[in-house]
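Report on one structure; see the data block that follows.
For reference, chains read A, B, C, D, E and F in written order, and residue numbers begin at 1 within each chain.
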C-alpha cells in the first residue's frame, strides 16, 4: 500500500503547487518539498526490509485481460533509484526555489517536476512492463514540458521537441520490444519475466526484442548514436538539467538495462551491442566535453560519457562489472548533481556559463568553489573521492575484457576515456575557479544564499564520505542493489580505496597524467578542434525533421490538393475496381438462365430517346439551360420506363419530383452562370470519358447479370399480406406506409431536414460577401416588361382548385391504387408554386400565409404520433390498424391508421417543398432589384382604376 | 426491453419537430429542449447498455411485421454501446454549442437532434436498406450542420462533402441492390442465413455488391483512398459539428464490422471474411497517410482532421483482423478516438476563437487569453490522440498491438502503428510548441474580445478529456464489456436467432462460431423472440 | 348563408364532376365526398381568385363550348393540311392585332385560349393595357377577315357570358 | 428487352459520371441527377423486369412484379430529391459567397492555363 | 384490328417523339427547345394512353394526368425563366 | 356490333396517332418558331384528345368498365395548351422580335406587354443594377 503511495504521492501532490502558488513562492516550494519528503520517508520506512533482502510488492488488477496491472515491487535496485529520484528531487526542489526568478511561473515548474518525479518513481518500482512503459512515456512527456519550461527561448523549445522525438521514438520501439518479451514469456509481470532467462534467450524473437528494448534504453540514456539530444536539452533551467539530465531520467535507460540484466545479458548480442555502444559513448562524450566552453554543455557531455561508462559495464555482462556499474551510478549521481547545481550557481551569480568568460571565482565565491572543486575531482576520478573508487573498478573490468579477440582495445579506450575525463574535470576546476580574478563578469559574483549551496554541499559531503568509507556508507546499498541486478549470488568484491598495485591503478595514473598534459595543451587543441568541421547533431536533426516534414507535405499536399474532380474520379475508379475484383474473384461465371423479354416498339423508341438525350446532354452541357431541358427529357423517358415496367407509383413520383427539380434548378440557374466554360483539355476529357465508360459498363453489366438470373425474394410475403395485414391493394404503398414505414419515416425527415438546411443556408445570404454581391447584382439578360402575364394568372387560378382536387384524390387512393401522401404532397406543392410563379411571390405569399416550418414539424409529428399511438396500445412503433366504416349515404369506406402516417408524409412534403422554393426565391428577389408585388398582374383590365402597385 | 429501443430514434425526431414547431424563434428554449432531450437520451442509452449487458441480442419488430419482412431494430451490446457513445458525445457537443455557436445560423438544434436520430438509427437498425435511410438522415443533417453559419471556406468544403457523399449514396444503393438482386432479402440476419446458400453461379454478383457496399462504408470511415472528403470537411465544419462528426466516421466503421462479421463472416461459406483482405491494407495506408498529414499540417484544424483519419486507420486495422480480441481492442479504441477527436476539435475551436486573425494557422503569433488552461487541455487531448500515456489512447494502442501479434501481418501492423505514433507525437509537439510556447517570444497579446471564461465550452471540452480519463481508469470493466461484445459479434447465431427465431439458426451453416471464439452463446433465443414486442 | 358557403355553385359543380371523373366509377359515397371537396376547395382557394366572375348564362356557356369544339376539329384538319402539303415558303404567316372590347381578365383569357385552339391562329401577346391582342396566323391571306371572325364568333359570345 | 434496360442504365451512368467529373457545380449536379436515374432504374431492375404486372392487388391479376424494389426506389427518389435540392442551393450559395462556381472554389481559368479540369 | 391500330399509333407517336427530339437538339432558339419538350410531354401522354389500351388497364391514367399537369408547369417555368430570369418574383 | 366499335376505336387511334405525328412533323418542317407553334398546340392536342376518346370508348364499350377520366386529361390539355403557346411565343419574341419592326402596333397608347410596361415610356429593359430599393410589404419566411 505504501509502495503505491510512494508512486502516487508526486502525482497527487502535483496539484498542490498549482494551488499553493497563490500563497507565495515559499509556500509553493514547501508544499512541493513536503510531498517529496513524505514519499522519501515512506521509502525510508521500507529500508530495513529491503536491506534484509525482502522484496516488497503490491498488486492491483487493472486490465487483467491484457496483462496490464498495477503492480509495484521494491527490491534493492528499485530502492536505490527511488532514493536517488526522491532524494535528489528534494534537493532540487529546494535549490530551484532560489534559482528561479520572480518572473518564472514557479507553480507550473513544480507541477511538471512532481509529474516527472512520479513517473520516474513509477518506472523504477513497476513490476509490470506495460505499466513501466506507461511511466516511461510519461517521463518523456513531463521532461518535454520541463525542457521547454522557458518557452520564450527557442533553444528550450527546440531542445524539448528533440528530446521528445528521440526518447519518444525509443519509447515506441520499447513498446514493441516489451510486447514481444511479454509474449515470449506469456506474462507482462517483471517478476515472472525475470524467472525465464532461458526461455527468452532461446526464443527466435530474443534479438528483435533485445534491439527494440535497447533502442528505448539508449535513446533515454543518450547512448551513441542517440546522444545528441541531451546537450540541447540543457536549454532547460539548471535545476531541470541537474535533476533530469544527470541524476534521474537519463538513468532510466541504465535502470532498465540493470533491471533486465538477468534475462537479457550474457549473450554475444548483448555484449557487442551494449558494451560497444557504451564504450564509444564514454570516449566520444568525454572528448566532446573537453571542448565545450558552456559549463552545462561540458557537464552534459560528461554525463553522456559517464552513462556510457555504466552502459559498458552492464554490457560486459559479468556480475563484477554489474557491481561496478551500480556503484558508479551512485557516485555519479552525487557528484554530477552537485556539479550541475554549482554550474547553476555560477550562472546565476556571474550571469554567464561560458568558461572563457570565467576564472578566479575561488576568491569571489569560495563556498561554491569548494563544492565544485571537490565534485569535479571526484568526476576526474581522483582519490580519495567516490568517483575514484568506481572508476578503478571500471578500469579493472575493462582490463579483463576481450573485444572480437582484441584484448587491448577495451582497456586502451577505457583509459583514453578516463584521460579525457580527467582533462575536462580539471579544466572545469582550473578555468573556472582559479586564475586571476576578472573584472568583466556580466554580474557581480558572490556566494549564493544558503538555500542554494546547501543542496550541493550535502552531496559533496556524500562524495567525500563514500570515498573515504565506501563499505560503511555505500556498502549495504551497493550490495542489495547489485543483488537485485544480478539476480543471483554476489561476486566477491571489496569497496575500498586501496586494492594494491593492479592494472587499474596504472591505467588510472596514466589517465591523470595524460589528462593534465592534455589540459596543458588545451588551447591549441581547442582552436584546432574549432577549425575541424564536425557534424552538428542539432543541424542534422533539424535537417532530418525538415526533410521528413517536407516529404510529408509533398505527399499530403499533393494528394489532398482540394480537387473534387480528383476525389470523385478516385472514388469512382475505386468502386469499379473493388466491384470488379469481387466479381472476378471467381474463375467461372455462369450465364443467367432466366427468359429474356422480347423487345417492343415503344421500348425501342424510349431507348433511342434516352440514348440520344444522354449523348446530347454530355455534348451540350456547356449550355446549362439546354442541359437542363435534356435532362428533363431523360427524366420523362425514365418515368415512361417505370410505366412500362409495371411501376406506376414510381412514374408518378418521378414526374412530380422532376417538375419541382426543374423549378429549383431554374431558380438557381438564374443566378449561376448560364454557361460552363470550356476548360477541360482533350486528354482530360478522354480520361473522364474512359472512367465514365468503364463505370457505365460495370453498372450495365451488373444489371444485365442480375436480370438474366432467377431469384427468390421476401416480397412474396408482402404481396400475400398487403391486403390481409395492411388493408391496402397497392402493395408498394403498403410497403411504404406499413411494412417499411420506418424507412418512410426517415425519408420524410430527410426531406424536412433538406428544407431546414436550405432555409438556414439562405438565411445567411443577407450577410457578408453574398449580400454585397447580390446588392451589386447586374441583371444581364433582357427582361420582359410583363412580370405576371395575365393569361397565366387567370389560368393558374382556374387550375388551383382542380389541382387540389387531384391532390386529394391521389392522397386518398394511395393505399389501394398508385398514389399516396408523397405524390399528393408534390401535386399540392406544385399547384401552390404555380400561384407564386404566375401571380408573383408577394401576392401569393400574402394569401397563403402558411407556416411551412410548422408544416414540416407537424408532418414529422403526425407520422411519429401515428407510430406512437401503437406503442400506447401496447404494439410496436408504427403498427398499423385498419377497419371499415359504414356511414349513411356515403356507404362503406376504409379507415387505416396508415393514412395518419401518410398525412404526415403529405404535410412534410408540402412544407419542405414550399419552404425550400419560397426561401430560395428570396435570393432571386435580392438579385432582381424589383419591388415585391402586391397585385397578381401588372394591369388588371377588369379593375376600373390602374392597379395601386403602379402608382406607388 | 419493451419499447425503449425505439426511444433513441424517435425521441430526437419528435424533439426536433417540436423545436421547429414551437420554439424556433427562441434560442434559449431551443437549448433547453435540446439539452433536455439529449440528457434523456443519455439516460435511456445507459439503461439500454445495462440491459444489453445482461441479455442476449433482442429484436424490435417495427409495425409488428415479422423479420425479415418488416424492418427490425436490434439491440445488442454493440448497438447499445454505440448509442450511449453517441448520446454522451452529443451531450458534450450540444453543451458546447449552446454557448454561442448555435446562434450563428438557423435551426442548429433541430438539425442536431435529427443528426442524433440518424446516427442512433444507423446503430440500431437490423435492415440494410433502413441503414441506407438512416445514413441519409445523418448525412443530410450533417450537411446542414456542417454549413451552419456559412462562410466561403466552409461552403467550398461543404460542396465537396455533399457531392462525395451523394456519390456514396448512389453506390450504397447499387451495393444494396445487387445484394437484394441475388439474395432477395434486406434483413441483415436473413442475409446471414442466405449468403452461404447462394449458388456458385450467383456468388460473383453478390461479392461485387457486398464489396461496393464495403466501399461505401469505407467512405464514411474515411479509409484511403476514399478519405479525401474528410480533411476539408472536418477542418471547415463548425467546431461542435466537427466534434460530433467524430462519431460519423464511426458509423462507417460500425457498419463494416456489423455487416461483414454478421453476413460475410465465418458462416458465409465461400464468402467468409470477405472484407478483410481489402480492409487491412487500406487501414494501414490510412493510418500512415493520416499521420503524414499530421506532420504536414500547416493549420491546427487540418492537423486534427488528419489525426482523425489516422485514428480511423488504427481502428480499422483492429476491425479488419476480425478476431474477438482485436474486435474488443478496436471497440475500445473506437470509444477512445471518438472522444479524442471531439476534444481536439472543441479545444482547437477555443484556441482559434482567441487567436483572432491568426485563427488556426500554425505560425508564430502573440499569446492569447486563457492560453494556460487551453494548453493543459490541448496537451491532454493531444497525448490521448497520439496514444501516449496516461490517457486511453495508450491503452487502446496496447490492446490493438497485443491483439495483432497473431496476425500474419503483425510486423507491418506493429511497425505502422508505432512509427505513426511517433509522427503524431512530433506533429502535435510542433503544433503545441508554436501555439503555446513560441507566443512567449512574441511581444503583446492577441485581443479578440474573448476574455470571458468560457464555462460551458470548457466543461464540454474538459468533459471529453475526462471521458478519456474514465476510459483509462475503468479500463477493466469497459474491456470486460467489450470482450463480451466482441464475443457476441462473432457469435452470429445469437443475433440471427434473436431476429429470425431459433429455427433460422439451425437452418444456417454459421453455427461453429461459438466454438471458434470459445464463447458460449448467452442468448436464450426463444426468450428474445418472445420479448420482441410481437 | 348559402352564399357564404357556396359562393360559386358552378365551380362546385365542376369540381364535383372532376372528382367523379377522377374516381372513374359512380358511388353515392364518392359523390358525397366529391361534393364536400367541391364546397371546401373553393372556400379555401377563394383568396387566390378574387372577384370570381358570376356566370349565370349557362346556355351561352354550352353554346360557346360546342362552337369552339367544332372549330377545333376543323382547325386541326386545316392546320394538318397546311403542315403537310404547303411548302414552308408559300405560307402567308403574319401577325394580326385584335382590338378588344372585352375587359374581364377571365374573358380575355378565354378568348385568347380559344384563338389559340382554333384554325391557324395563336395568341401571342396582350398589349400592356389589355386593349389589344397580338395574334399570329399560320396562313392568313385575309388578315382583317381573321380579326372580324374572332370578334364576331368568339368575343361577342364571351362578352355575354362574362359581362 | 433486358439488354435495352442494361444499356440504358450503363449510358445513364456513364453520362452522369462524365458530367460529375466536370469542373463546375452545375454539370456536377446534373451528372448526379443522371446517376440517380441510373441507380433508380438499377434498383427497379433488381426485382427483374415485368411488363404490365403492377403490384396492385386485383382479382384478375395472375402475377405481380416484385413490389419491394419499387418501394426502395420510391424512398430513394424522395431522398435524392431532398439531396438534390440541398446541393443545388448549396451550389448557388457558394457561388454567391466566392464569386465563381468552380467545384473546387478556384478562380475562373482559361483553357490554356491549366489541366485542372 | 385494334392491335394494328395501336401499332400504327405507337409508330406515329414514336416518330413524333423522335421529331421532337430532333427539334430539341437542333434548336435553334431556346423557345424551340422548350416547345419541343412540351410537345414531347403531350406525345408521352398519347404513348401512355395507347399502352393502357393495349394492356387493357387504366392503371396508368394518373401518370398521364400528372404528365399533362406538370408538363404545363415546367413549360411555364422555362418560359418565365427566359422572360424574366426569376421565375418566382 | 363489336366489330363496328373496334373500327371506330381503331379509327380514333389512327387519327390520333396521325395528328400527333403531324403536329410534331410541323415542329420539324416549319421555318420558324412562330409557325412551328401552330403544330403542337393544335394538331398534337387533338391527336392526343382523339386517342383519349378512343381509350374511353375502348374501356367503356369493349372492356365493360365505364371510364370517363380521360376527359379530365383532355380538359387539362385544352386549358393549358393556349397558355403554353402564349408563354413560348412571348419567350421567343423577347429575344427574336423587334417590337418596332417585326410586330404590328397595338393601336393604343401602350405597347405589347412583353416589351412595354404600363405607364412607362421605355421600350426595352436595360440591364438593371442594384439601386432600386425593394419595398417589402410581404414578410419573408
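Note that in this section contacts are C-beta pairs under 8 Å (C-beta built on N, C-alpha and C of every residue); 3 or more make two chains touch, one makes a residue touch a chain.
None of these values were measured; they are calculated from a predicted model.
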Neighbours of chain E that also touch chain B are A, D
Higher-contact pair (C-beta pairs counted), A-D versus E-F:
A-D
By Cα-centroid distance to the whole-protein Cα centroid, the innermost chain is B
Taking each chain's C-alpha mean as its centre, the one farthest from chain F
A
Between the Cα centroids of chain A and chain F the separation in whole angstrom comes to 65
Taking each chain's mean CA coordinate, chain A and chain C are separated, in whole Å, by 73
Can you work out the whole-Å distance between the CA centroids of chain B and chain F?
55
Sequence positions of chain A contacting 2 or more other chains
562, 564, 568, 572, 604, 644, 648, 667, 669, 699, 702, 706, 711, 713-715, 718, 739-740, 743, 747, 750, 753-754, 757, 759, 761, 764, 768-770, 774, 779, 783-786, 789-792, 795, 798-799, 802, 806, 817-818, 841, 853, 918, 925, 928, 930, 938-939
What residues in chain E touch two or more of the other chains?
10-11, 17, 30, 34, 50, 58-59, 61, 65, 69, 76, 78, 80, 83
Interface hub residues of chain F, defined as touching at least two other chains:
18, 23, 25, 37, 39, 45, 67, 69, 72, 76, 79-80, 82-83, 86-87, 89-90, 94-95, 113-114, 116-118
Applying the document's contact rule, which stretches of chain D touch chain E when the two form their complex?
52, 54, 56
Quick check on the complex: what are the chain B residues that touch chain D?
129, 133, 136, 140, 143-144, 147, 150-152, 155-156, 158-160, 162-163, 166-167, 169-170, 173-174, 176-178, 180-181, 186
Per the touch rule, the chain A residues reaching chain D in their complex are 562-565, 568-569, 572, 594, 596-600, 603-604, 607, 610-611, 614-615, 617-618, 621, 624, 627-628, 631, 634-635, 638, 641-642, 644-650, 653-654, 657, 660-661, 664-665, 667-669, 671-673, 676-681, 683-684, 688-689, 691-693, 695-697, 699-704, 706-708, 711, 713-715, 718-719, 722-723, 729-732, 735-736, 739-740, 743-744, 747-748, 750-751, 753-755, 757-758, 761-762, 764-765, 768-770, 773-774, 816-818, 822, 912, 916, 920, 923
Can you list the chain E residues touching chain F in their complex?
1-2, 4-6, 8-13, 15-17, 19-20, 22-23, 29-32, 34-36, 38-39, 42-43, 45-46, 49-50, 52-53, 56, 58, 61, 64-65, 68-69, 71-72, 75-76, 78-80, 82-83
The chain A residues in contact with chain E across the complex are 601-602, 604-605, 608-609, 612-613, 616, 620, 625-626, 629-630, 632-633, 636, 639-640, 643-644, 648, 651-652, 655-656, 658-659, 662-663, 666-667, 669-670, 779, 781, 783-784, 786-787, 792, 799, 803, 806, 810, 817-819, 823, 827, 830, 833-834, 836-838, 840-841, 917-918, 921, 924-925, 927-928, 930, 933
